[in-house]
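Here's a structure for you.
Note that the chains are named A, B, C, D and E in the order they appear, and that numbering of residues resets to 1 at the start of each chain.
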Amino acid sequence: MDKHLTIPDNDKGITAYKIAAITVLIAGLALFPFVITNRFYISLINEMLIYGLLAMSLDVLLGYTGLLSFMHNAYLGISAYVVGLFLIHISPSSLWLALVAGVIFTSVVALPVGWVQVRTGGLAFALLTLAFGMMFHTIVWKWYGLTGGDDGLMGVPNPAITIFGWKIGDSGDPATMYLFTLVIVALCYLLTRRIIRSPFGAVLEAIRENEERAAFIGINVRMYKLFGWMLACMLAGVAGALFILYKGYIGPTTMSAFAGAGVLMMVLLGGLGTLWGPLVGAAIFIYIQDYISTMTEHWEIYLGMVVVLLVLFLPTGFVGLGSYFKRLGKE
Amino acid sequence: MKKFLFMSALLVFAVMMSMAPHAAMAADPVNIGVLVPLTGIVAQGGVEMKYGIEMAAEEKGTVLGRPIKLIVEDTQVKPPVAVTKAEKLVYKDNCKALIGVFSSGVGLALAQNIDKLNVPFLTTHVMTTQLYDLHPLVFRSGQLANDQTAVGNVKGILARENLKNRTYYVLVHDYSWGHDAGERFIALAKQNGIKIYNEKYDKAPISTKDWSSYISKIKASGVDGIYMAFITNVIPVFAKQAADFGLQAQGVKLVSAAAPGPLEMEAGGEACHGIFGASDWSWDVNNPTSDAWEMRFWEKFKTIPSDAAVHSYVGAMNLFNAIEKAGSTDAKAIADALRGISYDGPYGTVRISAKDNCMRNDAVLTETMAAPDNPFGAKVYMKVLETFPANELGPAE
Amino acid sequence: MGGALSTSVDITLNSLVLGGVFLIVATGLNIIYGLSRVMNLAHGSLYAIGAYAGYTLTTIGFNYFAAIVIAPVLVAAVGLLLERTIISPMRKRSMVYTLILTYGLMFFLDGLIKQSWGNEPRFVELPAMIKSTIPILGSHYPVFRLVTLFIIAGVMTGLMLFLNKTKIGIILRAASTIPEMVSCLGINMKHVHIGAFVLGCALAGIAGTIAGPLTTIDPLMGHEMLISSFVVIVIGGLGSLRGAVFAALLIGAVQTLAEFFITDLAMVIVYMLMAVILAFMPRGLLGEGRFE
Amino acid sequence: MEAFLCTEDLCRHFGGVTATDCVCINIEHNGLRSIIGPNGAGKTTFINIVTGRIPASSGKVLFQGCDITNKPTHELVKMGICRTFQITSVFKDLSVFENVRIARQARKGGSLKIFSLKKHLREVTEETWNILERLDLQNLAAEPAKNLAYGDQRVLEVAIAMAGTPTILFLDEPTAGMSPAETRHISDLIQGLAEDISIVLVEHDMDLVMSISDAITVLHYGSIIAEGQPDDIRSNELVREAYLGKEE
Amino acid sequence: MEKKNKILNVEEIHTFYGESHIIQGLSLFVAENEAVSILGRNGVGKTTTLRSIMGLTPPRSGKITIDGEDTTKLPAHAVSMMGVAYVPAERHIFPGLHVEENLKLAARPGDGDNPWTLERIYDQFPILADRTKQDGSTLSGGEQQMLAIGRALISNPKIIILDEPSQGLSPLLVDAVTECVQNFCVKSGITLMVVEQNYRMALKVASRHYLMGTKGKIAGVATTQELNDNPQIIHDHLSV
């Protein structure tokens, strides 16, 4: 059927322009530590990247599958603890093994949780994420002997970053760690982008759009919801591994309900249903939080105000800003 | 997508631009990073710490002929936040040293990262014994360490007839300092024949607001003494709730590992009478330096001088003097100067041990009670009962 | 001292007090959710404002009992302001936005509290007559805690009478089931939404005022209460008042017992209980219910 | 002969109300069966049970001899049982093409190919075009479903169901809210479909029902009160009573 | 027809559910003390007409007046305050509220010499008087319908709008409900509009009938007499 060479869907494919733009962006970010050698900014951008990955993974759940998780940060935390414990107790130098262990363990924990959660409906799913998240938080907080309790997990070694035995750098060095994070986040972004544009991604979108209809075209909704959940949790696991490698520390506050709401906010700031939106949202959120908390000891007032105003007047997030200006131009 | 790429490129550019001038800015004053909790459960303590450091900076005026500039950041008592803020202070604001820090968790997390930060870090409040000889750049000045407090407490208990022959219930806050304090006390108490009811001491979450379950448990145990290791602000809270249940009225004595916060004590009023504890300072300490300091503090901030403020003041003075002594703002030079430095301040002459980077100072056993007439209008104060010299307390130098 | 009987008296009364405070906060949250499908994450902050209002009133010379009456009115006024300015424009939007908005509001209010009242904990001065302990079956129990228990019982009875006996109460109950039909009977649902929000805030205010002397007042007191009351309404069934009563008492008892016997794992057990209940009864014990 | 799809004493209670009361129905292979009845007669409930939207309280549903009672819907679709909804239920933010393609893909398989691109499912794409052409939607393929005229959305609803290659298709009030012209269009469409597959139609438009049905089942209070050819139904006294009230 | 005040007047309204064009230019009126029915098969838009009048699904164009006042854009509660009582086909008895509360909720003082009060409702509906404390949603279908009608009456409205009072009721209960509507509404001179598919019931309670044949439009008007004389009209519009 040659007459239908173009397919009218949202996947416009990779154009030369896009490839160029993405390359420029990644190259720009990669050059960053060489231009600005100040570690603070490297750290800040590094944190933005890690939380961007977490927010992106939450968006796979919320924006693409239509499932709300209050405490996606719990899975970042689980992975971070596992990677940290692996490096401390098992092998202080096996970076990749630790990373894989973190993601696998996170999946192993997320699987039964997800199984229970997808059996319930929309709001119940969201509330269950809160219940399970709080449970993980409390366990981590209470298991002093293993996790260091309220003090957090400290003394995580910095393994060398190697590829096929070839040493590239040390994860303790901020610039190296930043580049490593950038590469992993970029890979995760591209991978997730591909998955979202695959037939599998189409199924997730169908569930988000209309769960009941999806069931009536033959989709096993629960199963695919579980797949979506697992994908999101595994990406959160990657973010967690990067987090512990970069911070060298993980504490229970990273897994608290309030931190979880922060991640949700990043997604909304960026805008739902685009993979890059949450990345931008995370960057904005972390920048605002850092900026405001430096300005005043009453930073909570201003942060709260920013959030309230954003939700009231810019509900579509940063992504919506573009179409807002477009509309303005037309009028 | 195009829009996104354009906008994010713009954003990256904007961020880079906004950062560039800061990074290039040459610092005329000597920047000192102050890390204190201004939000969270110990925020009040953080404010007092800030006061102490500000007062020291003002009185010191300049180091190396340059003005001292304090840059204050809120740790929120969250270690990751503290690490980020420390990076900001060191890398962005070009701070030459970090001072402050409440809570062992935060202190140890910073110590973890001190190699990366590469500036001297002097804590005024972290009490954990893990700090002894932890790192060449990590110092403690101001607060007594846990072992020192524990020794002070045990000595105090043995010295007082009304404390000696009691059985103690040990209840601590569930984090490393609390555990440390509890364990030290129990070990020492056993050596000295003080009866402990629960050798596997109870750990309460830091966020505990309602202590009634723990109080019921204590009531049920029938003990006549409580040893508690709580964050300072919480001590009056617990004492008040214990008083509600009539524990003090029934003759139970409270011994605390830390000194209760003065404002909280004022708020707690009578319920906060009768808390014993080893500390290093109270405004009841009578020496001319201390008395003069109290009045200067009161004039400046119109708030009751607290041990938290003194610790920070002494710590800050030590740091400033060390920078002066080092003759440069080089991290290693300051650290070398800090080792063995001594300062004659509100609690007499104290010095930072050259052996383990931690301070040695005397301890006092105090009891809270109705205050005599005083310039601060305080209704409750910590009366000094005993004094124990530094060399009897901590590890030998 | 000691003795199993007096200990069990202590535990029972403690769990009732704890459960009672949970109940009032959760009921407020439930009324707001049940009538306007707004899950108010700033509810804990309103509870804290109630506590501070009670504290301030007692320090400027009001009797504690007078404060219990006046403070909730002040919180309700704050609630009215919030409803009119930022909650009502959100009503048509997806629940996610309301959650985020009220989350921001929570930070905002907490910051304001801190700026207005400072960080240090505050203690509420109680009238001398209730400041002692009373022997009950061998236990010395604080009189004011018993008074608090009576106040909780009084508030809940009053609320029940209000919902069952007054026309406004009947309207609220009806509106939680078939709002459209309520409009068809000539009742403006906008007023119902305002009324529900204000009532919910007043309840948070009452809970805050009575919780003040039980513990102490600090700017963060709302956070934990928010999570706990969330647990209560989720276990009880969203919007179900009867479920909330049951769940509040259950959680109060479980938490008190767990704190008493195993200390360390108290909250883990509460969350496990919640997870297990929801896994088998996704809609909570009494389902997504109505007011009764 | 074994019935194509039949129910045995199918019941459904909602609280004290019996919405479907011991319904036994035999639906033959290929043909157009209409189910009619006054409001509240239990027509939609019946379809909902058979297509697995709600569970039956008791009784059985048999499809080609297999018991399919209370099976999950996605399994029923795999067996060729598809449906449309009374209230338009499409994927609003997806384009018309995507709406049909996802349905086609769900039936055909390939949903677990997480690393390939959608366009690599060539067969799915081709068949999607075929369906769109058959239902005359190909010119709207790129439009988001929510931008479609109401009548076209109803057609899309049918297209999505058709993408499941049903052997039996349940249509729940396909003409609800349509203009007469649109109704005619969809009626032609249904007749065309009925040549290949079995269709069960719930409909209020009596002209439509009478003109295109092969057989009609009338439900009242959840039970079948009449069954037969359109002409028989027209003259049936019970049916008249159900619709008009009892004669004094 | 005698010159009477039009209590309800609907002119050329068009109503949509989303994009679905349900009411396509419908006009009708109800005069004071008149009982009017709308007859039509299911799915023609009778309920939507009522929802448009109530302001639950406001029309996109056209005009609705009640007692001379324009209510086209008014929300439901304002329409209700104009004196319109609506009894939906589902009855919408509030679950969890007992019978008396369901009534109290709607009660509004009436003028005139014999306004409806709780006592009068109980007097006229002894079934309800026996069950004052029973949860309204546990009543049987017929009782619920009585309660719904009672709830409409107690607001002392200018007009009552009944949507398919016979729906889902057994023939015996249909008779009882018919009787009740006749006794309390028609005989006491309340203005009434009833939507029905069961034309025998409609003929008993209403005097003038609008016939909805095609979707969203009025196909004709007839008096009870005309319909009795010419049953073919009914069969054309309503029967199978």
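Rule of thumb we're sticking to: a residue touches a chain if its C-beta (ideal position, glycine included) is under 8 Å from a C-beta of that chain, and two chains touch if they have at least 3 such contacts.
Note that the structure is predicted; figures quoted are calculated from it, not measured.
Participant: Taking touch as defined above, what minimum step count separates chain B and chain D?
Facilitator: Graph distance in the chain contact network comes out at 2.
Participant: Spell out the chains that contact chain B while also contacting chain C.
Facilitator: Output, common partners of chain B and chain C: A.
Participant: Which chain's centre, taken as the mean of its Cα atoms, is farthest from the centre of chain C?
Facilitator: Result for the farthest chain: D.
Participant: Taking each chain's centre as the mean of its CA atoms, how far is chain C from chain D in angstrom?
Facilitator: 49
Participant: I'd like the Å distance between the centres of chain D and chain E, where a centre is the mean of that chain's Cα atoms.
Facilitator: 33
Participant: So, what's the distance in Å between the C-alpha centres of chain E and chain C?
Facilitator: The answer is 43 Å.
Participant: As a quick test, compute the distance in whole Å between the mean CA positions of chain A and chain D.
Facilitator: 42
Participant: Could you pull out the residues of chain C that touch at least 2 other chains?
Facilitator: 114, 223, 264, 267
Participant: Mark out which residues of chain B touch at least two other chains, giving numbers and ranges.
Facilitator: Only 38-39, 174, 203, 205 qualify.
Participant: Tell me, which pairs of chains are in touch?
Facilitator: The list of touching pairs comes to A-B, A-C, A-D, B-C, C-E, D-E.
Participant: Where on chain C does chain E make contact in their complex?
Facilitator: Result: residues 167, 170-171, 173-174, 177-178, 180-189, 290-292 of chain C touch chain E.
Participant: Touching chain B in the complex: which residues of chain C?
Facilitator: Spelled out, the residues of chain C in touch with chain B are 1-3, 6-7, 10-11, 14, 17-18, 114, 118-123, 125, 132-133, 139-142, 144-145, 214-216, 218-221, 223-224, 255-256, 259-260, 263-264, 266-267.
Participant: Over in the complex, which chain B residues touch chain C? Could you list them?
Facilitator: 38-41, 43-44, 46-47, 174, 202-205, 207, 209-214, 216-217, 219-222, 233-234, 236-237, 240-241, 244-246, 249-250, 261, 263-264, 267-269, 271
Participant: Under the stated contact criterion, what part of chain A meets chain D in this complex?
Facilitator: Residues 1, 4, 7-11, 194-195, 197-203, 205-206, 209-210, 212-221, 224 of chain A touch chain D in their complex.
Participant: For the complex, which residues does chain D have touching chain A?
Facilitator: Counting only chain D, the residues touching chain A are 51, 53, 72-74, 77-78, 82-83, 85, 89-98, 101-103, 105-107, 110-119, 121, 124-126, 129, 141-142, 160-161, 163-164.
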